[in-house]
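In the part that follows, the structures are each spelled out as structure tokens.
Heads up, the next two complexes both have subunit A, just with different partners, subunit B and then subunit C.
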Partner chain A sequence: MLTYILFTLVVGSIYALLAQSLMLSWGLAGLVNLGLAGFFAVGAYASAMLTTWEQAPILVGVFAAVLAGGFAGLLVCFSTLRLRDDYLAIVTLGFAEIVRIVASNEVWLTGGTDGISGVPVMIARDTGIWFHLGTLLITVAAVILVYVLQRRLLASPWGRALRAVREDQTVASVAGKSIVRFKAQAFSLAAAIAGLAGALYGHYTSYVAPDQFQPLITIYIFLAVTAGGNARPAGAVLGAYLLVAFLEATRFLAEIAPGVTALQAAALREIAVGIGLVFVLTLRPDGLLPERSQKAPAS
Partner chain B sequence: MFDAVLQALVNGVIAGALLAIPALGFSAIFAVLRFPNFAIGALATAGAYIAWIANVNFGLPIVAAIVIAFVSAAIFGAALEYGALERLGRGGALMKAIGSLAMSMVIENIVRFFFGNDLRAFDLPLARDLVFGPIRIGPQQITNFIFALAIMVAIWAFLSFSSLGRSMRAVADNADLARLKGINPRLIALVTVAVGSGLCGVGGTLIGLDTSIDPLLGGRVLLSVFAAAVLGGLGSIPGAVAGAFVIGMVEEITVLALAPAYRLAVGFIVILVVLVIRPSGLLGSKAG
Partner chain C sequence: MTDITRRHILGTGIAFASTVAMPAILRAQTGPIKLGTLTPLTGSGGSYGPAMADTVKKAADEINKAGGILGRQLLIISEDDQTSPEAGLRAARKLIDIDKVSAIIGTWASAVTTAVVPVCSQSGVFLSTVSGAEPITLLPHQGFLIRTQPTTTLQGTKFGEFALGANAKTVAFVSPQTPFTESQYAALTKTVTAAGGKTTSLIYDDKKTTLRTEVDQVLRGKPDAIVMGGYTNDTAVLVRDLYRANYRGSLFGFGYSVNKQLVDALPADVSEGIYTLSPSPAEGSNAYKNVARLLGVDSPDTYSCQVYDHLNLIAMAMAVGKGDTGTIIKDNVRKVSQGGGERVETAVDGLKLIADGKKVDYDGASGPCDFTDIGDITDAKFRYEQVKGGKIILLKIA
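Coming up: the complex of A and B.
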């Protein structure tokens, strides 16, 4: 039971990192990333490939995952930033699909649908409960690190300019801010955070395969971020842990429902998540922790 | 080699015609409601399943099944818009896009709940392929192609000659001017969503007739539909049709050279290339 709770909390922390990524691109910069699962996968694969096949230290793998995520983010957003925001939504959605197709088919590169097994873990597995507890501490530390970083960024001139870009591009560009540069920076930084989440996930489950990066995860994180508050770092983190609690609760409900097969139970959960997202978007689009408007600095 | 390319082109034209139907629906909805509706894939799946029930469980002919798919997908699409998405519009077009993605997951899983993940096939007579020199075509492919062309002609006639269709084009062109002329924007939006969703349902059915149906049927063609619409110019109806034929042919040619799974990648690459070179697409007016 304790192992189960710890496992859930680790997954919650990974989701919290993904939520922080989405908070940065969507909440602060207004860039809708429907390919979050793709960047998550890029990070997981980058680190798993380096550490499993090239025997690189885990820290190097994680660092490479962050870089790979950020670079993929730059690549994806580059073609659309001058256009209407709808285009980015379409391109990112396609990106996540492409990552899964390449991961499933390029066996020489990624191991194909079998995935990569035997990915090194951060804490030795034979330490029993310490394996989960230690990993939890590491992932929570990552969440806190990103949280502190985001708070600082938000308070900085960069954060203010970013929100100005989100609220009114014309005014921001008249004020001399380069719209495209701010958006590209925010998007690729957010993608790098998703890459970090992917790396940590791979080093926890010790297994990386295309099936783990379903588009479903993107919807989960949208639900987490909307429920928590899409423009507050704390909101994103809170939303992610609430989401995991909700998912686990629905798992138990589905198990006790009579006459429902496992497939049907999974379908019911996804229906609940989808309807939940639309409800939250409709009823409480600002989330539990709405954005605080910043006071102008005293001059 | 030449024969293989010729065969791929013929297959591509047929695939493009099938793709054009949901692409038309997507573009029409985008033109009038100004948001990318990600639920079109799921609506295509839903339409295909309804048509399958009509055909296999009730023994109705394919034409009747297609009509039923149109009507039911139209009702689903309208219910989705007015039951869930319209209120999200206050937060901007992207909120509706996210909501439509969430609802597409809901629809897909409702289908999965009732029908499972198994492949299902329509009740079709087995028939020998027709052979024209080096080219082989299944009779069902030809029938589907004719259905698709007939639907395109019907939509063209509807947009050109009926007052409702002309009002739709007016709203797509300039919503404010259309309102000044006394066109009711809510009515036009309703008609567009219903017709566009209905077309997706028909498209799903035609694709299901061509291969088989499963809950991911619509999701698999989603990217190709977007690519067709972006290539033609988002919101341009003739552009969507032209784009669909190009995508269909490029996809079939790609299958000659790469693993079939990369068929999906074609759409993505085309979208990227178009956005870098000519964001307004082949026939679109503006993208800014």
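Coming up: the complex of A and C.
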């Protein structure tokens, strides 16, 4: 029981990192990033390849994952500079698919669909409960670190300018802000956070394979961020934990529903996720923790 | 309605937390022996998983009706792996930590199995799988894994022999990228080149709705035979496009992809003449008939037959070891699957003999079910069929 709860919390923390990544690019910079699973994969692969095949220390792997994620973000951002909204969404979705297909087919580079198994873990597996507890502490620390970083960034002039870019690019550029620079910084930072999430996920489950990075993950995170509030770090984190709790709770609800076969239970769970989203959007279109409008400093 | 307060949020949170805690309270008794099924109920394996879960449940009911194991009833808990390693891992953790199952039956996709193996062997939970990818049994599983699916290398070799038997000299292998594509092609090539033939391979994206360009590329090599390595949906697309391109050579496919569903979906002249190969269920055996009866169908698929065998083996292993843990299953599964003893085809019969102190040797619905030290089956029969006039006709079993 305890192991399961710890495991669920670790998964929740990974989702919380992804949600913060999405909050930054989508909620604050207004860049609809459907490629989240792709950046997640880039991070996971970067760290898994370095630590499993090159025997690099895990810390180096995680650092490389953050860099690789950030670099991939920069690349995607510069190739989509002129795109907004739906168009950007489609291109980023394409990016995630490219990552998955390259990972499946470039066997020499990524091990193909076999994936990389035996990725080193952060806490030794034979320590029993400490394996889960220790990993949980590390992932929660990462969530807090990213959270504090985001809070600081948002409160800074940089955060204000970013929101201005989101609201109206023309006005922002008239005010002398470089649109390209802000977008690139935000997108790249967001991708780096997703890369971090990927690395931690790989080092927890010991296994990285292309199938893990299906677009469904991105959709889940969109659901989490929508539910929590897409322009507040706390909203994203809360949304992610709630989502994982919801996904797992539906298992038990489906189980105690009388006269339901396993197949129907599985379908009911998927329906529940959809209904959940409809409910959130009807009751709280801005999420549980909506964006606070910042007052201009009195001076 | 939109003004939700902090109190509401807190309330929702507590409701969530209590739903997580509830089942443990509801099922805190030590009565039944718990086993889990982890099959794909949704996702790309969704056409196979439901029947698998159903088979295990119904077979367990029969064991329960006959008195259970060591006087205890079996309880089957079915989870959905969504054909995704990420979701599969979450489901496996739930089965292991919350339900405290002693064994997990039926992981289907090789990627899901690879993700679940370390968790199972670390927690001392037995895992039985139908995944065919070569590297799975080479993972460090400490004996907690068996599989009843012949390895893909063996299947590749059989495909090669099958194609050579149909007088093919140049064989093209057309497949989506899967964990077994490479090993299969290598085995196929080895067999065909040994007989002086040639092979080429082409990997396609299984989510495409047309494969016209891929087909053109393959046909440029003028192959006498094409071996198709995909699943039902993408193989249907491939077969259709090959027909449109007027391909006249022979086609070979897996029994699980060129199945009744595919043949029914395509016009009879499109699917005419496709050869299929599949690990043969032991048709005619009582175990096979049992699976057919449990599912209420004429010819149950190989995966349902395999999970039926998994459950029977696990049940008897627990009876022999007089316990219900994964370790006991691991230590005793080979004592009931092989090594002589009275031949049995159902756990119900086997459990009676075991209770009388006799040794049993299980021969199941999917075959003789004898395992090597790393958990592969030692012997597998294959079923050769051909599509004729919109029906799948048996050629031979060998």
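One rule holds for everything that comes next: the second predicted complex is superposed on the first by the 269 of 299 C-alpha atoms of A that agree within 3 Å, B and C clash if a C-alpha of one lies under 4 Å from a C-alpha of the other, contacts with A are read in each partner's own complex, and residues count from 1 in each chain.
One rule holds in what follows: a residue touches a chain if its C-beta (ideal position, glycine included) is under 8 Å from a C-beta of that chain, and two chains touch if they have at least 3 such contacts.
Please read these numbers as outputs of a predicted model, since none were measured by experiment.
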item	value
Partner chain in contact with A:Ala209 - subunit B first, subunit C second, else both or neither	second
Which of subunit B and subunit C A:Phe222 touches, first, second, both or neither	first
Touched partner set for A:Leu253, first subunit B, second subunit C, both or neither	second
Subunit B or subunit C, by number of subunit A residues touched	C
Subunit B versus subunit C as contact partner of A:Glu270, first or second or both or neither	both
Contacts of A:Leu281 with subunit B and subunit C, given as first, second, both or neither	first
First, second, both or neither for A:Asn105, with subunit B first and subunit C second	both
Which of subunit B and subunit C A:Gly115 touches, first, second, both or neither	second
Subunit B/subunit C common contact set on subunit A	101, 104-105, 216, 263, 267, 270, 285
Residues of subunit A that touch subunit C when the two form their complex	1-5, 7-8, 11, 101, 104-105, 107, 112-115, 117-118, 125-126, 205-207, 209-212, 214, 216-217, 242, 245-249, 251-253, 255-256, 261-263, 265-267, 269-270, 283-285, 288
Complex contact set, residues of subunit A against subunit B	30, 32, 34, 79-80, 82-87, 89-91, 93-95, 97-98, 101-102, 104-105, 216, 219, 222-223, 263-264, 267-268, 270-271, 273-275, 277-278, 281-282, 285
Subunit B residues touching subunit A - in the complex, by the definition given at the top	35-36, 38, 84, 87-88, 91, 93-95, 97-99, 101-103, 105-106, 108-110, 112-113, 116-117, 222-223, 226, 230, 234, 259, 261-262, 264-265, 267-268, 271-272, 275-276, 279, 287-288
Of subunit C, residues touching subunit A in the complex	1-2, 4, 9, 13, 16-17, 19-20, 22-24, 26, 37, 41-42, 49-50, 53-54, 57, 77-80, 82-86, 89-91, 93-94, 96-98, 109-112, 114-115, 118, 122, 133, 135, 139-140, 177-179, 181-182, 203, 205
